[in-house]
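In what follows, chain A forms one complex with chain B and a second complex with chain C.
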Partner chain A sequence: MAGSLAHALRSPRVLLALAMVLGLGVCAIFAGFIAPHDPGEQNLLSILTPPAWAPDGDPSFLLGTDSLGRDVLSRLIYGARTAMLVAVFASFGAMIIGTILAHIAGYFGGAVDWIIGRLVDVWMSFPPVILSLILMVGLGVGLDRVILAIVLVDWTRFCRVLRSEVLIVRRHDYVAAARLLGFSHWQTIVREILPATLPLLITLFSLEMAIAVVVEAILSFVGLGVGPNQAAWGQMIADARQYVYQSPWNLLLPIFAIFFAVAAFNLLGDGLRRTLDVRLAQAER
Partner chain B sequence: MLVIVAKLVARRLLAAVPILLVVSALLFCVLRLLPVDPAAMSLPTTATIAEIEAKRREMGLDRPLPEQYLIWLSDALHGNFGRSIQFGREAGSLVAATLPATIQLAGAAMVLAAIFGLGGGLLLFHLRGTWFEAVTDIVSILLLSIPEFLWGLILLFVFGVALHALPFTGAVSPNLPQPHVTGFLLIDALLVGRLDVFASAFRHLILPALALGLAFSPAIMRVLRSSLFDVYHEDYIQQARLRGLSERQILLGHALKNAALPTLTLAGVQFGILFSGTLLVEVIYSYPGMGNLMVDAVRNADLPLIEAIGLTYCVAVLLINTVVDSLYVVLNPKLRVR
Partner chain C sequence: MLALEARDLTVSARIGAATVPAIRALSFQLAPGKILGLVGESGAGKTMVGRAIAQLLPPGFAITAGALLFEGEDLLTMAPARRRALLGRAIAFIPQAPMTALNPVLTIGAQFDEHLARLGLKSRNARRERAIAMLTAAHLPRAEDLLTQYPHQLSGGMCQRALIALAFAGNPRLVVADEPTTALDVTMHPPILHLIAEMQRQHGTAVIFITHDLRLAAQLCDDVIVMYAGRAVESGPARTVFATPAHPYTRCLQLANPAMSAERRTLYVLPDQMPSLVQLQHIAGCHFAPRCPLVTAECHREEPPQVAVTAVHTVTCIRAADTFGISTAGRSFGPPALLEQPLLRVENLSKHFAISRGLFGAARTVAAVNDVSFTIAENEFVALVGESGSGKSTIARLLVGLEQPSSGRIVFDGADLTTPSLRNRTRRAASLQMVFQDPQSALNPRRPIASIVTQAMEAGSRHASAEDRLKRTKELLAEMGMPADIAARLPGQLSGGQRQRINIARALCRVPKVLIADEIVSGLDVSIQAQLLSLLARLRAELGFAMLFISHDLSVVRHLCSRVLVMYRGEIVEQGPVEEVFGNPQHPHTQALLSSVPPDEPGATWPLLRAN
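Let's look at the complex of A and B:
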């Protein structure tokens, strides 16, 4: 595992993706230091100003202001914080639930597997967008609610893929050997099976972060996201959509921000998949 | 052959029934456990506590949850989903009025996604082994990173706002009449012989359909390419080459047919998601379909309408999966034996 991680770090794709993720992470963590303005501060005397390099630009608002005179650059930076918080915590939650259920289903098989399998089937017959919208009606707006909704919708992605991986790993001799040595079921899963499914888990986690960023943007766009007091890229888009003729930049910048974040996580996931997946890596070498 | 497919479709549909029952129960429970009171919401804000209580009894809300569900289910099976709280109309009829527009959009988008996916996949495969490959590989991952929601906004900006080339709000120009025969605007315009309405509706459909098509084609592209790679390792490709067939004949006559199967499986899943992806595209383009209605219902916590639309989306996705599964059997002789 350590060896394949070192191998992954030599892939230019993974390095580029990590650099992009790092950039977003710095924006998210140090938003308070980097952002020139408070993201909620309204300057009603200077609304919809263009970026500073445009003819009517104001140098104190580097990327211009929105329809309430809020600084676009600061909102983009704080939006990165919202997006990263959702990406990390929602993916982590979905991973925990999905991984536990997948390992239980794949390891024990039989009736437990059947029940978990049907649960996943039912869950997946709900289109994710529809299910998350319905959940948001119940949960109400807010950052924690968005995270919870994504966890409740997306655990199936982990569960379905990991379960089939566990089914394969379980048949290996070393798993049977562990049982013969007197390992409990729990010990066998944690010490023998989990390390084998870990590469796939890491890849799925990275891809899920991309999905979480998009879902957060979508929910904020339709006004059922993190709420009006928190800067979010989806909200910025919804606001700019109404003034697209006056200030096209306000629409393009958050679109680019979402694209950048999603591309970073997808590149990372793809790079990790290529280098961590033993079978795929051997086939390509 | 036809019998086998018919049997398969019937079996699939039967298997979908329990799923649909559980889904509807789940939907019902989630929405009933919400901290919103449908009785209070369907009355004016001046209603007294006693009036709300009476309404609750009338709506059956004082009974146990399983009983409420059974009442709702038997009503729903008769096409009665209850009255929409914000519109005051039957939720079922509201869905029926907007569903054709969504199907029309999803259908057009699926055709585009299939064309782009097929063309792009063949192109990617054709470029294998050249220095373009690494570039296309990165580009296709970047393309995968643009969801339908961003494509919608990008196309709206480029073709609608910047170039003024295409309209980007509604389903047809507001100054034109909207004929109503089948509910499918493109078909209705032709039925009543209004070519101007047809042209306008067509132009309004381009950007939303393109946004969805572009968003869902990269995945199809990549799977087609990798299945073509797999197929080219098979002996019969080598044999075809030895028989002196041209590379073009091998690709189109032999390899594509076999690579189509895994691609189709993925496309089926993609089309299921695409159908629900119409929701956002409809919101972005103010397109009068079911997705816009859903967002409206969700914003106003209009429970009967949310239930009706949520269930319709699930049925649509299950139907699409069934159709794709049957197509799979039609194309794969190995599955026809039983």
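Let's look at the complex of A and C:
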């Protein structure tokens, strides 16, 4: 595992993606230090200021202001914090639930597998965005609710893909051998199967972060996201729609931010898949 | 005119910046209607010769010198169109893995039709007639029905018959058969070999027969070439070469093979293994020198020249005169088993598997194991033999608890193990261990060797300290005759033979009372097999354990075990001391198994091959 991680770090694709993710992470963590203004501070004297490089630009608002006179740059930076919080915690939650169920289903098989499989089927028969919208209506707005909704919707993604991987690993005689040596079921799953599914797990986690960013943006866009007091990219797009002719930048910048984050996580996921996937790597050799 | 002649054929591989010859200056002459055997262990370059003829070399390999004359024309320099016209028609191939050689999405009929159309048979009906005639000649019943079937609906033996029929359909003048029986069940070997020999006689075809089985080559081939690390080390008429081997390698291989009829003797254990192409670069002089029992300083100086033993028998060794002196000491039997006290008693054991047949089909059960009873005494090595699918592996899995029996009891040391309980599981783990057939699958590729061999010490709640595990690893590796520095490596960095030793070492970590070994030497080279068999005999003497040895190789069974159980379709049809059962087999299946082994003596006739 350590060896293949080192191998992954030599891939330019992974390195570029990591640099992009690192940039987002720094914005999220140090938003308070980096952002020039408070993201909620309204400057009613300078609303819809264009970016600083435009003729009427104001150098104190580098990327201009929105219709309430809030600094766009600061809102983008704080929006990154919201997006990253959702991406990390929602993906983590979905991963934990999906991974545990996938390993139980794939390892024990039989009736257990059947029940978990049907549960996933029923769950996946709802379109994910609709399901999360319904959940948000029920749960109410807020950062924790967004995370919960994404976890509840997306654990199936992990469960379905990992289960088939577990089935493949389980067929190896070394899994049976571990049982014969006296390993309990739990020990066998954690020490023999999980290390083999880990590369796929990491890859899925990275791809899920991209999905979570998009879902959070959609929910915020329709006003069912993190709530009005917190800056979010989806909200910025919603706000900027009415003034798209006066200040197109207000619409383009958050769209670009979402695009950047999604590209970063997809690139990372894809790069990790290529370098970590043991079977794929062996086949290419 | 010769069917095929090789003149100093050289195939080289690019390894980094260097080129290493994988086949070096190979010359032979094959007359029409004759069978030439290429024998040797894996890595000797046998398959590469076949690939050179087919002009299908793996990437990085190329023919760098020599000539390959098919009926006088050089295959290497002729126009590609002319060569394409010959390959598949005048020169046909019988592959090693029949199941994968046929196209899975086409019926047998479609594949024959395509092939016969390429051979120039114009009329559809004529092609069909010819296909049926060829399949019937290959002793396949109901050839008409067969034409509509897909490869997966046939057994491996039937696929191979179909492929042989396909190969001979174009009246080829040369057939290359690469280990055509290796992937098949033992009981299928004689009929397939018989078919190849029959077809060869009928069509007067010249055959290149590639095999690792010296006894088989002695029976089937007119001439043989023994290959080692890309060189022909000995060649001549098959019976002469094997009756009076002149090269130490040929002699050692013969002595590494357990005998079927002669007195049991210790096996000759060739150290190490065939050098890889990378290692070959660093061996000066004779390639066999690092493993040769007759090696002298002079052997390292330069490659030995080819010398004639007789007019037709040549050898590449400077000490060929001494070869016949290589021998092994007489057999030392292990401690006698205490037969009065059975350690493991299996009583009326049965296992039924439910197989559902589609959506509406009624659920059916197959009896994989049916009312089986036997005992194993302390320190006793018992063999379980039978064709594949007879239920051997199921018995192994029942014994270690990977499957639950449908009925019957497994009594170990007075306690019934079949009632599932934690106590029984712990008892089992401590006293019954299993070695799986395929080390590739049985060893976790992510665990270092040290962690694999002492894996038993991390089971349950008590954890052994790192020092204890390291200490045990050192002991086990020493026990297995392996260097201590492989402890940190991963299974993927070991050779096949080394992996199988690690596989055995893991089961012996907490020395069990009974070891269950499922086909653990199948598919390994003869010299590696001899290493493992001697290792098992030595370990029994040092550690003391009983073994249920599952195998289909009767000569190995005869060498290692004192008692044998013969399985047929889920039942034990015959059991008793090895000498008695093999000397006077009662059940027809036992008789069939025994007659499928070629005789030890190169001069003796093997009735199965000569019949009809």
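One rule holds in what follows: the second predicted complex is superposed on the first by the 284 of 285 C-alpha atoms of A that agree within 3 Å, B and C clash if a C-alpha of one lies under 4 Å from a C-alpha of the other, contacts with A are read in each partner's own complex, and residues count from 1 in each chain.
In this text, contacts are C-beta pairs under 8 Å (C-beta built on N, C-alpha and C of every residue); 3 or more make two chains touch, one makes a residue touch a chain.
These numbers come from a predicted model, not from an experiment.
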**Request:** Answer with clash or fit: chain B and chain C placed together on chain A by superposition.
**Result:** fit
**Request:** Have a look at where A:187 lands relative to chain B and chain C in the superposition and call it first, second, both or neither.
**Result:** second
**Request:** Could you look at A:114 and tell me whether it touches chain B, chain C, both or neither (first, second, both, neither)?
**Result:** neither
**Asked** Among the partners chain B and chain C, which is in contact with a greater number of residues of chain A?
**Response** B
**Prompt:** When the two structures are overlaid on chain A, which partner does A:248 contact: first (chain B), second (chain C), both, or neither?
**Reply:** first
**Asked** If you stack the two complexes on chain A, which partner ends up touching A:30: first (chain B), second (chain C), both, or neither?
**Response** neither
**Request:** Please work out whether A:136 is in contact with chain B alone, chain C alone, both, or neither, and reply first, second, both or neither.
**Result:** first
**Message:** On the chain A superposition, what angle, as a multiple of 10 degrees, is formed at chain A by the C-alpha centres of chain B and chain C?
**Reply:** 90
**Item:** First, second, both or neither for A:174, with chain B first and chain C second
**Value:** second
**Complete:** Rounded to whole Å, the nearest C-alpha atoms of chain B and chain C in the superposition sit apart by 8
**Message:** Residues of chain A that sit at the chain B interface in one complex and at the chain C interface in the other, please.
**Reply:** none
**Asked** In their complex, what parts of chain C are in touch with chain A?
**Response** 400-402, 425-426, 428-430, 433-434, 436-438, 441-446, 455-456, 458-460, 506, 509
**Item:** Residue ranges of chain A in contact with chain C within the complex
**Value:** 1, 171-174, 176-184, 187, 191-192, 195-196, 278
**Prompt:** Which residues, counting only chain A, touch chain B once they are in their complex?
**Reply:** 13, 118, 121-122, 125-130, 133-138, 210, 214, 217-218, 221-224, 237, 241, 244-245, 248, 251-252, 255, 258-259, 262-263, 266-267, 270
**Request:** Using the touch definition up top, name the residues of chain B that touch chain A in the complex.
**Result:** 19-20, 22-23, 26-27, 30-31, 33-36, 138, 141-142, 144-147, 149-150, 153-154, 156-157, 161-162, 272-273, 275-277, 279-280, 283-284, 294-295, 298-299, 301, 306, 309-310, 313-314, 317-318
